[in-house]
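In the two complexes that follow, chain A is the common piece, with chain B as its partner first and chain C second.
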Partner chain A sequence: MALLEAQHINMFFGGLKALNDVSLQAEEGKISALIGPNGAGKTTLFNVMTGFLVPTAGKVLFRGEEVQGLPAYKYVEKGLSRTFQNIRLLQEMTVLENVQLGCHHNMKQNLFDELFISPRCRREENESRESSMEALEFVGLGDLAGEKAKNLPYGHQRKLEIARTLATGAEMLLFDEPCAGMNTAEKAQLSELILDINKKLKKTVMLIEHDMRFVMKLSDTITVLAQGEWLAAGSPEEIQANPKVIEAYLGTKRKAVGYHVGD
Partner chain B sequence: MIAQQLINGLTLGVLYALLALGYTLIFGTLSFINFAHGEVSLLGAYLAWFAIARMGFAVIPACIFGIIITSVVGVIIERVGYKPIRTAPKLAMITVSVGFSYIVQTAIQLIFGTQPHEFKVISVASWNFAGITINSIHILVLIVSIILMVSLQLFIHYTKSGRSIRAISMDQDTAGLMGINVNATISLTFAIGSALGAVSSILMGMYYAQVYPMMGTSIGNKAFAAAVLGGSGSIPGAMLGGIMMGLIESIAGTVLNTQVREGVAFVVMILILIFKPSGILGKEVVKD
Partner chain C sequence: MKKVYGLLKRHSIIVIAVLGILAPLVIRNTYHVHIILMCMMFGILASSLNIAVGMTGLSNLAHATFFGIGAYAAAILNTRYGLPFYLTFFAGGLVAMVFGFILGAPTLRLKGVFLALVTTGFGQVVRIIELNWVSLTNGPMGISGIDAAEIGSYSFSTVSYIYYGLALLILCMYMSKRLMGTRVGRALFAIKYDETVARSLGVNITFYKVGAYVLSACMAGMAGTIFAHYVSFISPDTFTVADSTTVLCMVILGGAGSLLGPVIGAFILTIAPEIFRFAQTYRMIFIGAVMVIGVIANERGWVPMLTSKIRGLFHRKQTSEEGGKA
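After this line comes the complex of A and B, so read on.
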């Protein structure tokens, strides 16, 4: 069954049609990818599906329930968490604190618990620290917990964002260009991590990525967007053989070096 | 003489600091100066006075009553006045806050009268040590203020709500996407800021043994200056700035004369800001 579904999404910014009647489905327990040339509307669709943007028209369904228009924090409560193309961490906070923020929506303590340091407050704080450390260790940042986020190298910051989505306990994770700016070795490591997240932690994953080798290796299904429109969807093999996809990429290949369909 | 002024200055200083914390907390989360904060805080002292003098409350319940109502008023003003224009240019919010400062001041005059009211609520004992007089209000103010400041630091750094406040003061959108309820956290910030302001005004009322309608403006302006002096948005900065303002004012009052005491405090503030515009503990941030 589709865990996350976008139905006939239109997203207009003034006269610009960033998304025009786009639909897609993310199957539970699978890794799906969203690809397309620059300006195809991938990140816009991510923003619509995670509550950052309210679509001009269309529906976003999570577990069959309409979620478009809810405030962003509600998406995390429902079980949807994401990372960002341009890394968004709270730079002045520690690595651990950044991850703990992801646990907040699970903490039931109120102001009085905090003012009087009630047993519940202490228990929840300890639990959030433990589950945050677990998430950090899962992505391999366990020994950097006390460091300020801004002091981490780029690749580690990306992993920290992933750890934060894990700590939310969300069942659906959306990664926006998780390996942008990484070298080949780091990419290989990251693809292992994402596979582990999917297989061991049983998370449903959707990702945007430009590196075709990475996408083809990881994804169960792929959706292709081009210029704000749905172009194709299918298995990696189907997508690689789809003439419309090849044309969309070849048509822009001269401008955007680095897309290798079926590479 | 100087030792006596240090005690007086420190007492006044921690009260400015408590009030300055409200300015800095709100500046930290919404990046604007809430000019209504002094007047809203003054409500705390008036409500406590009213509860004691007109409703027959005991001192502690009256103070709690004043603090809670002030806190609620602070949150309501945020919801009604600031939330709808949160994304508008900051000048709009600043102007609205100036509006609220007059509205609250007028309301205080309408409800409680324009005359000062005597605010002698605890019996004052005083002690002499080598020519220095310390009374029970000095001690009460110092103990309460220090407890509150330490608690606030612990709260901000080691609790879920504190972490949420820090997160939204760094990046509201990201905090929201991480599952933090931004509106609730902003309300909480106003509740805490207004409650601290109420405590400050109640203690200030006890210190001067009176409450009067212009008190909010006069101590509010100093506390605002203290927050900027310490570094806007910095909690330790507000504490330091407040204590410095109080000490400079008291010492200048003795060394020079009482007429110039308030002027001197502001001269020092201006000099410090000329050399360090972000304030003593403020971060050198260039906002885009």
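After this line comes the complex of A and C, so read on.
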């Protein structure tokens, strides 16, 4: 059964059709990828599926339940957590605090618990600290917990964002271009990390990525968008062989084909 | 030395409490005692405004208005219905909370300058209501003859007002301290730094923004009731937009988002104009210039800047000692 499903999504901004009748499924326990040339509507679709945009038409189903139109902060309670294309960390807060914020929705304490240091407050703060440290250690940032987020190097900031989604306890994680701006070694490390998240932590992952080698290596299924339209979906092999995809990426000249997609 | 500093920093609330308790015992001059009380009032205002401005990142140029609303509520309830201080105190806080909600709820989507404008407008509207709703507020003549605060048979002296204000100030600071580093405070800071992230992590930003306004308004309103019973006469001129601006300056100059900064800022900006009273009107020009330069030179505020400087000093000393040993 598909864990997350978008059905016939239309997203219009005034006269601009950012998404036109796009559907996709993400199978539970799998890694699926969303690819397409710049301006294809990948991030828009992500925003629709995580509640940051309400689709003009169409449905978003999570575990078979309609979630479109819910306020964005409810999605994480349902079990969907995301990262952003431009790294969005709370720069002035510590690494640990950034991750602890991911536990926000799992905690029940209110202002009065905090004022009177109630047992619930103490227990929840300890639990959130522990699970956040666990998430940090999983991505390999355990010894940087006390640093301010802004002091981390770029690659670590990406990992921190991923740790934050892990701390939410969500079963489905959506990564928007997780390895943008990374070098080859960092990318290799990150793909290991994402595989671990999928295999060891049993999380369902969906990612947007431009690096084809990265996508082909990681994904179980790939969906291709181009200019706001659904173009193709299938296994990495099927996508690589699909002439429509090759055309969308490279135009029709044969010469260029082997250079990008076939690599 | 480092240990002493660390101890002072960790227990800064206790330091303020001890200073606040000792000050009226040492200082007997009525004029000085009045200034200490004003320090407490502005300390509460700055510390509570810090919850909205420093922690949640909402601008608010109407904080003195909430103080005024609390004071008016106390004055009206006391002079009309004879409610004693221990009831008007909570009533004033409640009324200010309601107004905090009225201001907070419709302005949620606004940010920065727009929010500053709307809150300024709110301050003006409340002032105009105070001036013109004569049957309720007695208009520009103000309300006089507010009873001195009493609890049981004990009637407040100026010093007891100070201690009452001090207790409220300590409550404000304690609340801020508890907020920093727990769930609710993290959510507030997340809203300040990046609303989108806060939403994506399950923070109901509507709830927390309104909550921050309501909470800070409540504290300001309670302070207002103490003030009303203390001076026994209030008028619309007591709580102006200029006062709101001053409170905002205290927060920004002292260090928005820090625990001690806004309170120290309040103390300094309350005492400085009194010290420079001999310079008459020139002192406001001087203090204004200090504010401008202070903010330009250091956006973070002076208290956080100084503490990090001092920490750096200790750090350097330590490393050079280690170097010496090696």
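The rule is short, and it goes like this: the second predicted complex is superposed on the first by the 255 of 263 C-alpha atoms of A that agree within 3 Å, B and C clash if a C-alpha of one lies under 4 Å from a C-alpha of the other, contacts with A are read in each partner's own complex, and residues count from 1 in each chain.
Please note the rule applied: a residue touches a chain if its C-beta (ideal position, glycine included) is under 8 Å from a C-beta of that chain, and two chains touch if they have at least 3 such contacts.
Everything numeric in this text was worked out from a predicted model, so none of it was measured.
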Based on the superposition on chain A, does the combination of chain B and chain C result in a clash or a fit? clash
First, second, both or neither for A:73, with chain B first and chain C second: both
Could you say whether A:168 touches chain B, chain C, both of them, or neither, answering first, second, both or neither? both
By the touch definition at the top of the document, which applies to A:88: first (chain B), second (chain C), both, or neither? both
Can you give me the overlap between the chain B contact set and the chain C contact set on chain A? 50, 52, 71-73, 75-77, 81-82, 84, 88-93, 97, 100-102, 104-105, 107, 109, 111, 114-115, 121, 124-125, 128, 164, 168
Chain A to chain C touching residues, read off their complex: 50, 52, 71-77, 81-82, 84, 88-93, 97, 100-102, 104-105, 107, 109-111, 114-115, 117, 121, 124-125, 128, 164, 168
Using the touch definition up top, name the residues of chain A that touch chain B in the complex. 50-52, 71-73, 75-77, 81-82, 84, 88-93, 97, 100-102, 104-105, 107, 109, 111, 114-115, 121, 124-125, 128, 164, 168
The answer for chain B against chain A in the complex is residues 155, 158-164, 166-167, 170-171, 173-183, 188
In their shared complex, at which residues does chain C touch chain A? 174-175, 178-179, 181-187, 189-190, 193-194, 196-205, 211, 215
